[in-house]
Structures are given as structure tokens and as C-alpha cells.
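Right after this note come the structures.
You will see two complexes here that share chain A, one where it goes with chain B and one where it goes with chain C.
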Partner chain A sequence: MIDRPLTLRETMTHGLIGLGLFLAVWTFLSVSGYVPRQFLPTPLDVIARFIQLLTNPFAGATLPQHLLSSLQRYLCGMLLAAIVGIPLGLLMGWFRLLDDIVSPIFEGLRFIAPIAWVPFAALWFGTGIGGPVMIIFAGAFPPCLINTYRGARFVDPQLIEASQMLGTGHLRTIVEVLLPASVPSIVAGLRVAAGLGWQSLVGAELIVAAAGVGFMMVQAQANVSTPTVMAGMVAIGIAGMLIDVLLRYGETLIRRRRGLEA
Partner chain B sequence: MIGRRTAIGFATLAVLVLLWFALTTWTGIVSAGRFPSPADFWFSLVQITTRGYAGGELLTHALHSLALVVVGFLVAVTTGVPLGLWMGWSRRAEAAINPVFLIIRPIPPLAWIPLAILWLGLGDAAKIMVIWFAAFVPSVINSFSGVRTIERPIIEAARMLGTPRWRFVTEILVPAAAPMIFTGLRLSLQAAWTTLVAAELVGALVGLGLVLNMAQQDIYPGMILVGMLAVGVLGFVTTWLLGGVERRALAWNMAARN
Partner chain C sequence: MGSIRFDRVNKIFGAGKAALKALDDINLEIAEKEFVAIVGPSGCGKTTCLRIVAGFERPTTGTVSVNGRPVSGPGPDRAVVFQHFALFPWKTVRENIDLGLRNKSLAKPQREALIADALNLMNLESHADAFPHQLSGGMQQRVAIARAYVLDPEVLLMDEPFGALDAQTRVMMQEELVRLARVNPRTVLFITHSVEEAVYLADRVAVMTRRPGRIKEMIDIKAIRSAEKWSERPRIEDVMDLESFIHLRTHIWKSLREEKSEDRR
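Showing the complex of A and B:
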């Protein structure tokens, strides 16, 4: 049956035991030689490699440089997704006809995994900045659009009626009624988009790129340098987490300002 | 009488097809090297279904990808759902497993691909491993939340009536968490497809990702489109099948939801 909540102390001890067990098994497997250390470096090896990569270049750049070029593409792709997705979502929430036209196309495209756009992205925009940006866009665009659309669609009808009674035009209704009313939903969508976009970026860089953390990992894989691959995973994980924390902070800020949360 | 929405949907489709013809075949505004004309597309489709491309016919590639997704998905579900249920049920298990989970979770599934290739090579085992990792997380999280959202009185009633452990699991825990579990399964399935396509694009011996990869290297837009459509169709069919299973399994709950 479901137990009572644990005390903080119990949570801590259990957590430490679980974490310790995980790290111990990992270290044991690699030190004992059951798994060759070349293929499963110990956690310490990974951390050491991570620190080393901060200053020593691999695949043409140090880890911070790779991360920086990844982040550049990421920002471009995310901005593009937001710039296209949010206005389109608002318009679809307001104009029924546009909704009826775009929704079926969108529903059809949804089943194609964003990463499957890689060949066309490479063909159309090259493998430098353009191609990966398009893949990030393909990953981040759907949640931007869907959440804005839902937000705009489910705005309190009284607000819309009030603005219409006052004779507000289409554009002003969208900008001054729908947009502010859907902000919480939009921000939630951006958070989902940020996660999916980050994942798409990694995928794109694994397949087509000449720089970035994903590229570094593929090079490391080709050179059978497992610690470098794992250090790359750590970097991707940390960066992804920071992005999420940042957006979550923004979300709370907005919710608080609107009095939705204490 | 068809609905307004369906009518507009078909009209849109017709306009898009016309536009496709117009931009490629009739005017050539979009060059054949960028996007295939309908004729190119048809030629590629016929080529891959009859003579084969990238070492096999379309059916071979598609079935191979499908089999990998199904196996990886099933492995992830059979490990992830019980783990999630257990974490939801036992606070101790949650406290012990959560920290490890928190470390692994921020790593996107696609980031496991190089490691999987390093460990297991370009064959099926590596693909199943990454699909497993990708589909595992949503299964665990949603099963966990499913258990945690069960209403307290139901659990207390069962406890008061002295329900044995096993019956508690099969008759209360799993059914009550089922709607959330299925949400997790849908996300898992999506993650499985994304990861498989990515993994096959990075390196594969057979599969739809390989078709896409070869077509990209051969600069063969017609075949790229065939590959993408095949991925989309399979994604749609598997999602639809899972939806069918869900409707059947949750029939008792549907009336309450509507």
C-alpha cells in the first residue's frame, strides 16, 4: 500500500544509498574489468575528462567552444519557432478558416519525427548553421503553435465579448486580448519546446554538423574515446537542465505577476 | 453530408497537390535538386518497392524499423511501467531511485546514440538500447504520477477491507493509474520513433533511417520524400494501434471522462 511520506532524513539516507549503489556498481564494473575500462570509464574518469576538455581542444575546439556554437544554433532555432509559432497560433485561435486550413496539414506532419527532416534540412540549408536550425525549428515549433492556439482558443469569452462590444478590431483584439490572456499557456509551451528543441539539436549535430557538442561526441565515438562521449553527455545534460530551470523561473515570475500563484 | 472542417481539409489537400505540381513540374520554380516533382516522387517509390534502394526494398526497410521500435518499446514499457508503479507505491523506492533518475533524465535520449554505437556497434542491439532509454523515462514518470493521483479514500477503503497485496496491485493500483500509464505509453512511442530514426541516420545497415541517409548523400530528393512519408505512415499506424488498445483497456473509464 502507499506508505506515509518519509521524513527529510529518511529521504536523504535512501537517496544517498541509491546513488551510492549506482556509482558503486558502475565503478566496480569498470575497475574489475568485467567491462573493459576503455568502454566503461569510471565516474571519476568521466569527471576528469570533462575538466580536461574545458581547456584541451577535441575535434577542433574545447568543450565550452563546442557548447557555445551549439547554443548559438539553438537560440536561432528557438527564436524562429517562437516568432512563427506564436503569431500563427494566435491567428488560428481567432480566425476559424485559418484553423480549418492549417490544422489538417499540421496533424499530418506531426507523425513525421522532427529528426526525419535532416536530409532536406541539409539539402536546403547546408550543414553549417541553417540545417541544424531547421531541425531545432521542426522540434520546437509544434509545442509553440499548439499551446498558443489552445491558449487563444480558450480565452474567457466574456473578455472577447467585452472587447467586441467596444468595437475593437481584429488586430487589436488579437494583440491586446488574446495574446495577454494566453501568456501562461504560451510560456508552458515554450518550456516543452525548449526541451524538444534541445533534443533535436543534439540529434542534428550527431548527423550533420562540423562543430558543436553533438559533433564532438560523434568524433569521440569514431576515435573510441568513451570518456569524451560521456563528458559530452554530461555537458548536454547540464546545459539542458539550466535552460529548463531558467524557463521555469520565468514561468513562475509571470504566474506570480498575474496573481495565479502566491 | 460532410462537415465544414473535413470539406476545408480536402480542399486544402487538393490545393497543396496542385501547388506541388505547379511549383515543380509546370513552372520549375522549385528546382528538381531541392524538392522532387510528383513524377520524381513516383519514380523513387516505384524504384524502392520493386528494385530496392540502400540494400533492400521499401518493405524490408520499413519492417525492420518497425520491428526495432516495437521491441524497444516493449522492453521499455515492461521495465518502465513496473518501476514507475513501484516508485509511486513505495516512498522508500522513490527516495532511493529518484536521485539516480534526476541525473539521467536531463540527458536527451538522442545523446545516448554515440555511446550505444560505441558499446554495441551499428546493429540492432544498439538501436534497441537507445529506444529503450528513450521510451523508458516517459513510462516511468507517468506511471509514477498515475499512482500518486489515486484518490486517498480508494486506497484506504482497500486497506480497511484487508485486500491482499497482489490483488491491491492488480485491481486498484494498475486500473486506477491506467489513464496516466497510457499517456506515458503514447509519449514513449513517440520518443521511440524519433530515437530510432536518429540512430539509423547516424549509422545503420538496414532501415528507413538508412534510406534517408543514403538519399541525402546521393542528393536524391525523391527518395528523401519517400523515406519521410514512410516514417510518418508508420508513426501514424503505431499511434493509431496504441490508441485502439487504450480505448479497449479503458472502456470502463471512457464514459466517466466524457
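Showing the complex of A and C:
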């Protein structure tokens, strides 16, 4: 078990080993003819297509442009999930009554897969930015809320007592004691949310969107351009990894500041 | 200002078969500016006494009042120093001390002056902008004491404040506390399981029985301390060498030991 956040370099090295093995098997399957090349393009085909897509538009935009519109929606959805989930989680952790009221509803809703919201997302918020944002929100909100709530509930009781004996009011205790004490748990929640949100986004774009990586892949599927579909998958994978690396880095910075590790 | 009164206080944790009587008819009066230490076997409820005064626990029956007002919840008139410091790890020393002052809505210049005094009092000036984890245990407890003192509380509640420190630091902090009590006397309720510490610091020592905790004996230290001029000896070891100190210590030890042997019987 690795119980510390990895450095950027370690993450890259480990990742490259796995990637190498994966590419070897893939190439073997494709080049040996076990799988028809049209169904499984070789890594080189995909890379060539990927590079081509960087400048040549497909389905109305180049790959970076598609990625950019995906990222825009993604950021909106994530931001919304964090803005609603973190304060609500803190309030639920502090006020028992709110916890009792919200928890049953939330427990019921959180088992609904984000993709299940697609019909309503399209109906209520359209296929522009609103619909997909709602689906990302549906994916990213539960981990934001749950982790903040858990962080707030498991704050060292002595810190809360210290805060009370200093005469600290509710709002200030929530902002200055509960929130910072929950930060490690919140960041862990954001990492889970980032992954789920990114998955939900691409799922949503496959169905409701007029641009974005998911949309590009659906169009490619219609044109039986498997290298384009795979190029889209590669872009999704790389972007997802970069998001996670960024969040891990943030996590390390916070832990270091707290003196949790050197 | 600053008297504490326990009036027939009982505390029972839990209910039914799991009910556990922690305190049995505690009656205790602590006068203004008096330093009272409670010693007792572990689990006897001495910390529960302190937590009731702090407002963290409520008595099952009876009342605890401070200045004649019954305690209804925690508040800055009863500052607490915890065994494990309970400093906010994300706040600097200065910010930790400042929180209670900000809660009092004092103006910034006034707060800064008070913080400067508190830092000076506890010799913390050079660590004002450090985070707690960058300080030793003794330094952290100094910050916690500064955080309590700066509120100008009517009573100071200290729950085994030096229990988590090493022996040397502990002695330094005890001497420091004696100095503080001279410069800035407060009503203090001090919980400890160290008999020496209690005798060295307190005006009166309350000895508690095993659970359910009752106050078994009150021992007056103050009269002997002033008669034997302990305060003329700055070092704890010099005081501890005095016959009067040894006599008191032995007396309390015997009283505590009876408790332990009763349990074995």
C-alpha cells in the first residue's frame, strides 16, 4: 500500500510502465490480425489520427476545440457541485436538524447514475451547456457532499470545545474550524468528484451536446472512423489524468502546510 | 469576581443497566483568585468536574455556578487549557490567540496590543507567526495558556495541562505558572494526577475517591506555604526539599493510596 500522495515524477514513471505494457498487447492484437484492423486500429493509427485532429476539424471543430468546450462544461459542473456540496456538507455536519432533514432525500438520490438524468437534463436545461452541466453535477455532487459532511462530523471534538470556550459563534466555527479541519477530506472528495464528473460529462456528451469530445466520438462512430473514436478516448484519458495530478498536487501542498508530512 | 461553587452535583453517564455514576454529591466552593487542584485516582471523575464548570457537560442533578450564575454552556468567561493543547493547526500562534479576541469584537489595535502582552507574558514573541506543529509540546502549551489568559477570564480551567509534557518541560511550566499566578492571579481549577504538582501549585487540594467520585478531603496548602515561605525559593526542587512540602505530599499520597487498596480488597 502506498499511503502518501505520490510525487509528480513517481506518478509519471509508474504510469509509463503500465502504458507500455498496454500498448504492447494492443499492437500485438491489432497487427497480428486477430482483430480486424478496422475494429481495432493500431496505436500508430490512433496517434496519427490524434495528431491530425489537433489541427484538422472533425464534426465542426478540432480536437483541442472539442476538448475546450468539454472542459468548460466540466468546470461549470464541478464548480457548481463544490459550491453547493461543500457548504451543505458543513452545515449538515454542524446542525443536526438539517442533517436529519436532508440525509434521507440525499441517500435516495445518490444511487441514481448520473446518466439516468440525461432525459431530464435535456428537457430542463437543453443540450447547450445546461444539460451536460446538470449531468456532471449529478456525478460530482455526492462525493463533494459526503466527504465534506464526514470531514465535518469527525473533527477532533476537542477543537470544537476549544472554539466554544473561546466564545466562537456558529458561522465562525463553521468557517474557521469545521472547514479547515475538513479540508483533507474535502480534497479527497473533490478527487473522486473530478473522476466521476469527467466520466459523466463524456457520457452526457454522447447523448446531449453539439460539441465536445463525447460529441466528436459519436459523430466518428456514425462515420465508422474508429481511429477518431480512439483518439477521443486518448484525449479523455490524458485530460482526466492531468486533472487528477493537479488535484493530488494541491492535496500535497495542503498536507505540507499542515505539517502532516515533510 | 470569579468564584466557583459546586452544589450537590451528581453526574451519571448513560442510562439503565449501562448507567455509570461518575460524580457523587460534589460540594466545593472556590473563592475568587483561589487556586484549587483536584487529585484523584484515574477515572474518578476529576476531569468531569472541570468539564461541568466549562459547560461541556451538564450535571445530572445539582448545580455549578460561577459568580453565582449557574453554568449553562461553554463561554470565554471560563477559559480552558486542555491536556492536548487543542490549538488550531491551521492558525498561527498569533491567530490562535486572536480568535477569542475577535469573538469579543474588539478593535484591531486593541487586539494587537493584547496579543503582544500575551506573547510577552508567555515568552512567545519570536514564535508569533509559527504554526503549532512547528513548536515543541511545551511551547504549544504556552500558546494555549496565552490563548486562555488573553481573554481575561474570570476563571481558568486547566485539565492536566502538563500531563502530555516531558518531565523537564513540565517542571519549567510549573514554575512559569507560579510566576503567572503572582503577576496575574486568577481563580484556577486545576486537574492533575501528580501530587507534587498539586501541592506545589495550589492553595487548596481536593482529594477525590474512586468512582463514583466524591471529595474525600480538602487540604489547605496556602497557610503552610506562606508560613514556611515557599515563595522565597524560586526553584521547584528547593521547595520540594522542605519538610513542610514533604509532609503535605506524604499526607495526600496516603489518602490516595487508601483509595487504591480499597479497590483491591
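Keep in mind that, in the parts below, the second predicted complex is superposed on the first by the 228 of 262 C-alpha atoms of A that agree within 3 Å, B and C clash if a C-alpha of one lies under 4 Å from a C-alpha of the other, contacts with A are read in each partner's own complex, and residues count from 1 in each chain.
Note that in this section a residue touches a chain if its C-beta (ideal position, glycine included) is under 8 Å from a C-beta of that chain, and two chains touch if they have at least 3 such contacts.
Bear in mind that the values here come from a model prediction, so they are computed numbers and not experimental data.
Touch criterion met: A:Leu123 reaches chain B, while chain C stays clear of it. Judged by the touch definition given at the top, the superposed model places A:Arg258 against chain C, while chain B stays out of reach.
Once the two complexes are overlaid on the shared chain, A:Glu10 sits against chain B while remaining clear of chain C. Contact with chain B, but none with chain C, is seen for A:Gln221 once the two complexes are overlaid on the shared chain. In the superposed pair of complexes, A:Ala162 makes contact with chain C only, with no contact to chain B. By the touch criterion stated above, A:Ala193 is placed in contact with neither chain B nor chain C. In the superposition on chain A, no contact is made by A:Ile146 with either chain B or chain C. Of the two partner chains placed by superposition, only chain C is touched by A:Val177; chain B is not. A simple residue count on chain A separates chain B from chain C, and the partner touching more is B.
Across the complex, chain B meets chain A through its residues 4-5, 8-9, 12-13, 16, 33-35, 88-92, 95-100, 103, 106-115, 117-119, 147, 150, 155, 158-159, 165, 168, 190, 193-194, 197-198, 201-202, 212-213, 215-216, 219, 221, 224, 227-229, 231-233, 235-236, 239. Chain A makes touch with chain C in their complex at residues 156, 158-159, 161-169, 172, 176-177, 180-181, 183, 257-259. Residues of chain C that touch chain A in their complex: 54-56, 73-76, 78-80, 82, 84, 86-91, 99-100, 102-104, 131, 133-134, 147, 151. Interface residues of chain A facing chain B in the complex, by the touch rule stated above, are 1-6, 10-11, 14-19, 21-22, 39, 97, 100-101, 103-105, 108-109, 111-120, 122-124, 195, 198-200, 202-203, 206-207, 214, 217-218, 220-221, 224, 226, 229-230, 232-233, 236-238, 240-241, 244.
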